[in-house]
Structures are given as C-alpha cells and as structure tokens.
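So, here come the structures, one by one.
There are two complexes below, and they share chain A, which is joined by chain B in the first and by chain C in the second.
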Partner chain A sequence: MKALGIDIGSLTTKVVILDNDNIVTSVITLSSDEAELSARAAMEQALSQAELTDSNNFYIVSTGMGGKSVPFSQQQKAITTCLGRGIHYFFPSVRTAIDMGAESSTVIRANERGRIVDWANHDKCAAGTGVFLQQMAKLLQMPLEEMSRLSFQAKSRADISGTCAVFAESEVISHVHRDPPTPKDEIIAGIYFSIVSRIMTLCKRIGTEKDVAVAGGVALNNGLVHALEEEIGFRVLVPDTPQIVTALGAALIARENIEKGAK
Partner chain B sequence: MTTANQEKNKIDAIIRACRLLSRMSQARPDARKSEVLYYQMLSKYYTRLLNAKEEGNFIAAHTVFFPTEILYAMDIVPMHTEATTWMISLFTGECADILSAGAELGLASEICTPHRGLAGAYAIGTLPHPDVMLWSNMVCDNTAKSGEMLMEINHCPGFFIDRPFQQSDEEERYLVGELKDMINFLEEQSGRKMNWSRLEEIVARMDKQIELTREICELRKAVPTPFHPQGFLELVSTDYLLPGQPEAIEYLETLRQELTEMVKTGKGAVSHERFRLMTLFLPPMYLMGFLEKLSQEYGAVSVTEPFFTYWGEGKLDPAKPLESVAKKSYMIPEMRMYGPLDERALGSIVDCAKQYKVDGAIYYADVGCRHTCATIKLFKDILSKIDVPVLTLDCDVVDPTATSAEEVREKLGQFFELLEDR
Partner chain C sequence: MIVAGIDIGSRAAKAVLMNDSSILSSIIIDTGPESIKTSYMALGEVLKGTGLSLNDIQYTVATGYGRVLVPFANENISEISCHARGINWYFPSVRTILDMGGQDCKAISCDVDGQVTNFIMNDKCAGGTGRFLEMIAEVLDVPLEEIGGLSLESKATTPFNTICAVFAKSEALSYLKKGVTKSDILAGLHEAIATRSLNLLKRVSIQKDFSITGGIAKNKGMVAKLKDKVELEPLLCEDPQIIGALGAALFAKERHDRTATKGMKIHYGYSDGTGNYFITIDTNSCDGCAECMSACPENIFIMAKDNSGQPKAVVKEETRKKLALLCPGFHSCSNINEVNCHGICQKGAISHSW
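Then we have the complex of A and B:
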C-alpha cells in the first residue's frame, strides 16, 4: 500500500505519493470550485505521472482548506500538523516553519519529531498572502519574477500598510501616481516589508526558534524570502518545491497509518 | 420612545428560554436535577427583576463583581448588567440590535461588547429601568467609566465604589468605608434600611457557597471528570447573580451530590475523555451549545477555570459582614487575571494545571477586553514551562460577527490534533 497526501488550497491542489520514504511523484494543479473535483483531478494526474492505476492500494490523507470535502480520503488532518511533518522530512533541524499560502499565512513551532508545539495564523485578511502578492504584481503590471528581481535593487522602501489588503492597494496606487512616482523597486520593497511584518507578528506571537524554514507557493519568491531573512536576522531554509510541503506531510501521516496497520 | 413592552422584552426572552430549558431537562430521563434547579434559579432571578416595578420594588443595576449581598440584605432587586448581556446572547443568540444601538451612541467597536451592548440595551429600552446605578473599579478598568455612562443613559442617581487594587488590612478597611457610604446612599434613595441580621445570614450562606464550589472543583479533579464540558458557566452565573441565596445553596448541594455519585461510579461527563482542558476567560456565549457538542465529539472537557471557579484562600465571618464582603472581593477567582499578576497569582495557575492534570489550555481572547488580552503572553509562557500548550482563540463574548462557529471548529480541531499528536 502506498501513501498519498492531498492538500487542497484555495488556489492550487497538491498531491504527493510516497513509497516508504521516497517521493514517487508530486503534482500541483489549479483548484476548481469544488474541492472533491480538484482532489480527484490532481490525484488522477499524479497516478498517471507515476504510472500507477489502482487507487484502492492507497491510504489517503487530505488537508488544506478543502481537506474535509474529500470523501475518498481515509483521514483529514489540519494544515499545521501536515506542515510540521512535511518540513521535518526536508529539514529535520527546523523548529519554526512559515507557510505562506495563497489566502493565509501560518507559522508553526515544531519539536524534534516534527510534531507541533504551537502555531499562529492570519486568516482574516488577504494582506500578507499569495493572492495579495499577485494583486500587487497586476497593479504594477509585471510578473512576480520581475518583482522579485527588482526588489534587490531597492535602496529604500516605500511605506505600505500591512494591516489591510485594500488599503495597501490604495497606497500602492498612490505611490505609482505620485509626481514624481515612487520608484517601482522601492514600492516592491515596501510591499514585501508589509507582508514580512505581518509574518513577523506571528513569529513573535509563538516565538521563533532556529532553524527556520519557509513553505508554500510564496516561498518561491526570492525577493520576499530575502526580505524575510533581513527581518528575522538570519538565513532561512527553503525546500526545492515549497508548495508541496503540506501535501507531503499528509502523505507522511498516511504512511504512519499504514505502518500502524491501517487498511 | 420606550414602551412598557419594549422595556421587558429581553428579560422576558431570557425567562422564557430558562423555563423552556428547565421543562426540557425535566422531561429527559438522564437529566441532572441540578440542571433543572439551575434554570429555575435563573428564571426566578429574572422574573423578580421583570416584575420589580409592578410589585413596588427598587431596582439597582450593578456592574460585574459588585457586592450584591448588600442589595439582597436591603431587599433591593439587583440587576447584574454584564451577566445580563451574556444571558441575552446565551439564551436568545441575538445581540445585534443592542450592539447596533450602542454604536449609535457613538461607542467604538473596540469597546468591550457587554458594556457596549448594555448601553445600547438601555438606550432602546429593552431592559428594566434601574432606580440607581452602582458601579466600581472592581475589577475591570472598563467598568469604572462604563457605569458612569449607564447612569447618564438611564438618568438615574448612581454610586461608584472605589476599591483599592492591592490588598492589605488598611485597604480592606478603606473598602469597608466605601461600602458603608454606599449603604447610606441606598438607604437614602430607596427608603429601605439595611437589615444587618439578614446580611449576616447572607454572608454565612456565601461562605458555604464558596466552600461548596471548592468541593465541586475538588470533585472535578477526578479522571474522568464528572462535570459537563461547559458546566462551569453554571457556577459563574450562580456566584454572579445569587451570592448567599438559599436557591444557590440548594443548586450547589444537589450538584455536589450528583458529581460525588459520578466520581464513585467512575462516570465521566463525556463518553470518552480524551483532553482535559483549562479554560482561560469566557467562551463566546452564543456558541455555548455548539461548544458543548464539539466537546462531546472530541472528548474534550474543561476541568478547571482558574479565573472563574478557583477561589482564593480564606473564610467569611458572618459576625463581621461588611468586612467579609470586602474580603470576598479579594478572594474571587477573577483576581488571578484582574489583580496583581505577581508570582503567587501566576504560580496558582501552574498549580491548577498540575492538580487538574490538564492536557492543554484555551484562552478565549475577547477582543474587547484589553485588560485580559494583555495578559495572554504571560499565562501562555508560564504554562509552556510545564509543557501545557495554550490555544489563543480570538473571539468576542457576545458578538457573533467577531468569530463564526466554523472558525472556532477549525481552530479547536487543530488544537486537539496538536494535543493528540504529542
């Protein structure tokens, strides 16, 4: 029996298949309106990619915003639990993990076994999330990669509110239309700082312990990770595919259940 | 314009809900007798308030932690203001109208909702008009200003008790002086005389009430714990509304007896106790039914609430009734969050966690209560030293727009997963 983890996020659905300790395959697909359909589509793609067919031979754990809406999963687990397990797989030394997702940010503290000690999250406002970052990229009319590249050139940063996505957007518009306009690299640095400052409040709330890792799609943004490192005061660890960490954690829990004799 | 019917409707709704719950409890073969008594007790308290004017009684509205024993001894009808807002939320699930009325008075949304709601409720006339308003700085800072505002809204006379923050013999003497002044004020306003022998009886019963609560809390240390998951609210309401009243003693004695039997037979409040919890501050009242079901589903039960049910040391002396009332204000469990946060107070939280074998603690962070929210980190840090995880759940005690049931389910689910995974 193989272990399969599904993480259904608001923007993307991730699937990881494990055979013992090895990642057989992983996929990232766009989420649809219905969590179950998203999970099925992503799972089929993963099975096809791994040249596997018999879904009965899987123990499935689902997680994420739509994790509870997957009727064919044997178990549903919280994002925090899966994040702890997943990050421990990549970096056993990590005691603090920051998940920067599309619509929420979560910070966990984990022990030496990847079990959660404490966590905190922002889920009331899109400020500081992937969706917010995408919105800002649209507003500045440049791809996320370009934003990241430009941020390294900034000599100073514009003041951008970190408390509300809507207000932050108005502030960015105001910077763009100033005479003379605020340089884009400074606006980007300001946007990154507003996101990082929100994450730092979560880190302070639960206490940051080394090593620190970053997961979630936003972790692919080098400029933002750099801004985070500057605030936190040391380098953070980023897995090669940070988007799959939570799905991997779900798969690892599925594997634990198989080892305990689950069928 | 306020009409007589409008004036009664919130209180009437509480009474009808209590009577219905009492009848439903009586009809259930497995119901606790104490549960029936509890609802009857609340119903009686609010019926007395509802009929006070018609029966020619004098109503004194008072803020939280007020020495209500004095009012009972003077045969004055008390109306606990904050608890009444909770009851409106708990039994009717609807506070939007009174909170909205509070906003119309210009009260910012960051102000404590029980106080905001109260102001609104009085402004639109959904609570009986008090003859006097009594308030104090005991022990929440917000109350000191809120009481004054409520007095102005009600266009009635009022009295403020200045209670010293620290405790010493001198400070207790000062508080006794304040209580004497308040009695003079009440005698003047109501035309009623203080009945000192009645106050002595009430203080004697209050002492017994504290002792019974201590015994009940002792029984709750059993594994599995016998009292139902959110049952502590019954103890809090009894203490707040009916200090030293015969019906409070009857309820507590019955409850003690029931819990003793359950402990003897090893019967727990939930079918499979998995998580023993410490509750810090008050859960959202409008979610109490939901929380009760969730607790049963997860096998999670609140075994101790150091801020509400864990009385400090000391005994009341009926021979010195006023001194005892003053002393009681320093013995109340709430002193652990509102009093000096010294080593003794913090140490008692740790002792509590150990004695009750708690697996985790839930801090219901009422967004409007800046006083208690400021202490979260302190309590969280001290509990983490003994490996007790604390969930901070941002919510509001009466306003459903602050946190939805689904959000609470999500966060509690995550927390229980954390506890299970350890």
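Then we have the complex of A and C:
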C-alpha cells in the first residue's frame, strides 16, 4: 500500500505519492470549480506519471481548501497539520513555517517532530496573498519572475497600503501615473513590503522561532522571500518545490496511518 | 445670501449652491486625478445656469477626501459632520445614518440638531463599498445602475461567504460558470454588503429614524436588503448622493452668519469719573441705511464696511475720545432736536448709555 497526499488549494491542486520515505512522484495542476474533479484529475495524472495503475491500493489523505470534498480519501486533515509535517520532512530544524498560498497565508509554529504548537492564518481577504501578487503583476504588465528580478534593484520603496488589494491597486496606478512616475522597482518593493507586513502580523501573533521556512507558490518568488528575510531579520529556508509541502505532509500522515494499521 | 458646499469624494465630486435656506442648484461629477481641477470643475458646473459667479458666493465649505485641496474654500469640515447636518435638514427625526460611498462606508449617530454623537467607518477595505459594486457590475457585465433592480428579481439568493472584493469577484465568476443566474448572484452580494453594513450600524447603535446617504443609496436592491436587515424603513431624500455637499453648504451658511454677527453690539466711547459715555451700535440690526449720518447734528456717524463687506454705522474715530462733549446724550438731544439718531433709525440699532 502506498501513501498519497492531495492538497486542493484555491488555485492549484497538488498530489504527492510516497514510497516509504521517498517521493515517488508529485503533480501540480490547476484547480477547477469542483474540488472532486480537481482531485481526480490530479490523481490520475500522478498515477500515470508514476506508471501505477491500481488506484485502490492507496491510503489517501486530503487537505486544503477543498480537502473535505474528496469522497475517496480515507482521511481529511487540516492544512496546518500537513504543513508542519511536510516542512519537517524537508528541514527538521524548522520551528516556524510560513505558507503563502494563492488566497490565504498561514503561519505555524512546530516542535522538533513537526507537530503544531501554535498557528495563525489569514484567509478573509486578498491583501497579502498570491492573488494580490498576481493582480499586481498583471497591472504592471510584467511576469512575476521579472518583478522578482527588478525588486533587487530598488533603492527605496513606494508607499502602498497592505490593507486592501482593491485600494492597493489604485495606489499602484497613481504611482505609475505620477509626474515623474515612481520607478517600477520601487513600486514592486512597495508591493512586496505590503505583502510581507501582512505576513509579519501573523508571525507576531504567534511568535517566530528559528529556523524559519516558507512554503506555498508565493515562496518561489525570490524577491518576496528576500523582502521577508529583511523584515524577519534572518535567512529563511525555501524547499525546492515549496508548493507541494502541504500535499507531502498529507502523504506523510497517510504513511503513518498505513504503518499504524499494519501493527 | 449665497453659500456653497463642495464634497470631493473618492469617486464623485458633489457641489450644492444655497440661497439662504433653499437649494439653488446641485451637481455630481466624476472625481478626476487632480483634486484641485475637479473642485473648479464642480464649482463651474454648479454655477452654470444660475447667473452667479464665484464672487457672489459668500462662504464655501469643502468636505470629503479631497477637502484640503479645494483652493477657494473658506473652511473644510469632515464629511461625517456634513452628512449628519445634511440629513438633518431633510429629516430632523433621523438619528442613524448609513453613508455608503465610493471607497468607504460609515455608520453615523446624530442628535436632534444634526450633531454627530458617534460614528464608525470602514475605509480600510473595499468590501461593502461602491467600488465593490462597480467591480461586480463589470464582472457580470451589467450596467451599474441596473444591478440593484436585477438583484430584486432573484428567487434564490446565492450565499457568499466572503467580504473581500477580490474573492467575491472570483466566487461570482465561478457561480456564473455553474449557471447561477445573475440576479441570484447579485442578490447574494447585496445581502453580503447589507450584513456588513448592519455590523457597522450595530456598533453605533441603531435608533429611529434611519436614513441612507451616498451613491449606493440610489441602488434599490441595496436599500431593500438594508431595510430587511435593519428592520427599519429608511427615509430617503431625492438625491442621497449630495447630502455631504448639502451639509457643507449648511455649515457655510452657519459659519457666515456667525462671522457676520461677531461683535453683535459694538460700544464706542469711554467711561470717566463723571459717568459712562457709550454709543452702542447693534451691527446685527444695522442695515447701513446711513440715515443716522444726516440726523446727528454733530455728525459723529460714518458708514464703514464690516468683515463681510456690509456697510454699517460706526462712530467716527476722532470723536470717540470726546463723545460726551459732542453728544449731549439721548434724553437731552431728543428734547432739543426733533430729529435724532434713535428716532430716525428704523431698526433701533443705536442706543446711548447716557
């Protein structure tokens, strides 16, 4: 029996298949409106990628926003639990993990076994999330990679409010149309800072403890991670594939359950 | 007396021109990127057709987000005070106001005089503001003016579990894809905003009567939802969007009256060991007719302009120090002369202390 973790996020669905301690395969696909369809499609892709056929021979743990709507999973787990477990797999020294997702941010504090001590999350509004970042990239008409690269050149940062994505958008527009226009790198630095300040309020709520790691799609943005490091005051660890951390955590829980069942 | 109120909001600029206690004209224009230009445009529009010019306006009060940038305003007052004052002019019984603007939402409590007693505002987040409705209208491809009416046609309100405008937009899109009708989606969004506004209102406590101001008050669907939530029939004026500017104009009138009546009674003269020798002129009643100038045998009066440019009777400066020597006092004067300043003054604005 193999362990399989599914994380159904608001933007992407992630699947990780584990064989003992090794990641056999991992898949990242776009979520559709129906959580169940997203889960099935992602799972099928993962199975064919791993050249496995027998879909019944799995212990499945689902998590994420749509985790509850996966009828074929044996267990549903909270994002925080999976995040703690997943980040522990990559970096056992991590005590604080920050998950920067498309529509939510979650910060957890975990112990040396990857179990949750405390957590805080923010999913009520788009400010400080991946959607916000994407919206800004669209507004500035540049890819996220380009934004990240430019942000390192900024000498100062534009003042952009971190409280509402809609209002921040008009602030960016007025920076662009200012005479003389605010340099793009400074606007980007301002955008990054507004996201980071939102995450920092979560961090302050539960307290940060070294080491700190980031997960979620937004963690792929080097410029943003750098801005976060400047605020936190020390380096943060980034896994190779930060998007799959939570799905991996779900798979790890699935494996534990298999072992428990075997005993 | 002509006064103006100008309300530079985040999305629209409003101006109201008043003559004493009646509205001469009112306009609503879009707020441009430059507040100063917008304020001149609003002023130009409101004066159009009245035959008046900027110089005819005796006092201007500016309000709204851009109020500090109105170059011709005599004063600026917060929009919260202005809304309370404006609604009080229409409905003195109103105690609770919900002002739903382009980029913010305020719940205001006021007293019988239209004075603000408490308020709560949300200007940090686009949820529940006009901006939110604009975004939704755009996503659903329905003109902004029609969304309220359309929401009323709904048979099953779609529940929205979000207050964020960005998330609501994507949620609305996914409902649309699933085939939910636009009216049901709109009903759900209006419901979400109404719930949010109710929470604001609860924090200032809801008292009878209740009124809604701001641009969103023109949205029938929103008003209907709010009526259900608040459980009070809202009193609505013909144009709820201009209430802020109207309040500003009412403040302008009050402030102008106050300056005009400043030092309502002016005493000219002196007191020495023999007694008090003062001629008192009530500038509030003096209409500057100049009759007293010719009536006084000693010619001690002159006309001078006061702070607001109105002619008023004044005792000549050079006579003030020796007033008792020139003027025999009212009783003696009226015995000697048939025509005297007291008798000639229609308004009874002049009095003597001796």
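Just so we're on the same page, the second predicted complex is superposed on the first by the 261 of 263 C-alpha atoms of A that agree within 3 Å, B and C clash if a C-alpha of one lies under 4 Å from a C-alpha of the other, contacts with A are read in each partner's own complex, and residues count from 1 in each chain.
By our rule, contacts are C-beta pairs under 8 Å (C-beta built on N, C-alpha and C of every residue); 3 or more make two chains touch, one makes a residue touch a chain.
Because the structure is a prediction, the values reported are computed rather than measured.
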Three-chain arrangement built on chain A, chain B and chain C clash or fit: clash
Kindly classify A:Val166 by the partners it touches after superposition: chain B alone (first), chain C alone (second), both, or neither? second
Counting only touches as set out at the top, which of chain B and chain C does A:Leu37 meet: first, second, both, neither? neither
Tell me which partner A:Leu52 touches in the superposition: chain B (first), chain C (second), both or neither. neither
Which partner does A:His177 reach: the first (chain B), the second (chain C), both, or neither? second
Based on the superposed arrangement, let me know which partner A:Met142 touches: chain B (first), chain C (second), both, or neither? neither
Scan A:Ile116 for contacts with chain B and chain C and give back first, second, both or neither. first
Answer with first, second, both or neither: which of chain B and chain C does A:Ala78 touch in the superposed model? first
Tell me which stretch of chain C runs into chain B once the two are superposed: 42-50, 186-194 or 204-212. 204-212
Where on chain C is chain A touching in the complex? 33, 103, 124-127, 131-132, 135, 162-167, 170, 174, 177-178
With touch defined as at the start, can you tell me which chain A residues reach chain B in the complex? 77-81, 115-120, 123, 205
List the residues on chain B that touch chain A in their complex, please. 384, 389-390, 392, 407, 413-414, 417-418, 421-422
Which of the residues in chain A end up touching chain C in this complex? 33, 103, 124-126, 131-132, 135, 163-167, 174, 177
